[in-house]
């Protein structure tokens, strides 16, 4: 999984039927020190995260597991909201 | 999912049978501010998007979900057309 | 999918049984303007493409779909030969 | 798989149900010479690794295999603790 | 698939059960001209390749096919040893 911050939303009327009703968040990846790191991605959401929150998201086929048995074509899904993190390099 | 703009099309006569009848779009990835970002990709389409439209596409195994039960060898599929997006960094 | 040009072949005697009889092509990724872009990959082939031809290939799990029901460990497969492409940036 | 070192942990109360009870480790990728190499990732753990240990982790769909039959949305999982490695370039 | 050379081995006592008995090789990716290209990866092996040999390996879900029906959490697997390659740019 990867750390990120929710920085925006996307609205789309024309879309694949299995994405109907899914919120689409714009996520900025972060370092463990919470600095921006790399290109933004669009994530489906299964955590209820809102603008400005620190979250972690999941890439790839596993990103569609939270929506099973529906086969949602999501390759990036927010799966949790971060309370606290501890790093010692 | 990733933001992009449709900038072209590909025609191919010789191809895997399961790709017959699929439109192939050339997509330029975009930042949330709609600036070009990175290398173009070729996407199958399930949204009806046309040249110049802002879309979002899906990578990986999930990119083949919109075509189920057919097992289409597509690793990048346009899954929606963007109406509006809001970003606050 | 991604644009590329066939620039070579690989011969291997010792290999996984499910790759027996598969042609292995060396492919140079291309931009839509057909300039080289990035590192070469080795692709299985299901299109019959030959040296110098412009093709598009598919990455990931989907790259094994053309060989079903055989479970071929191919993560990059040439799936079509390009006739024509049109780009307008 | 990839070499890395455990450098921290993440706590999250709100998360996908299938991640309940999983430890989440912050991992710094390493070269074979054990120098840091690239961006950190968050890994689920099935090895019991602790802070400072050298581990190897697995990316992608395969990262969810250790949790089967549960379909855990993990795209990065620590699968082993390194005892020794030998490199000759 | 990708070209590489075997440059080392990893030993690990504590690991996921499904990796028990698998050899773990450190692989340096190569260009078609056999120059080093990019970061090393750790690969499971199903070819019997030894130190110094030129091999090609497979990434992603497909990397676990050679071990079926066992669900081995391997995301990189050496699938063949290169005898000869021919490149013409």
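Letters A, B, C, D and E mark the chains as written, and numbering starts fresh at 1 in each.
Keep this in mind: contacts are C-beta pairs under 8 Å (C-beta built on N, C-alpha and C of every residue); 3 or more make two chains touch, one makes a residue touch a chain.
Given the structure is predicted, the values throughout are model-derived calculations rather than measurements.
Traced through touching neighbours, the fewest hops from chain C to chain E number 1. Chains that touch both chain D and chain E: there are none.
Taking each chain's centre as the average of its CA atoms, chain A and chain C sit 31 Å apart. If each chain is reduced to the centroid of its CA atoms, chain B and chain C end up 19 Å from each other. In chain D, the residues that touch at least two other chains are 59-61, 63. Annotation: chains form a contact ring; the order from chain A, going to chain D first, is A, D, E, C, B.
Considering their complex, residues 1-3, 31-32, 37-38, 46-49, 56, 58-63, 65-66, 68, 77, 79-89 of chain B touch chain A.
Interface residues of chain E facing chain D in the complex, by the touch rule stated above, are 7-16, 18-19, 24, 26, 28, 39-44, 51-52, 59-61, 63-64, 71-76.
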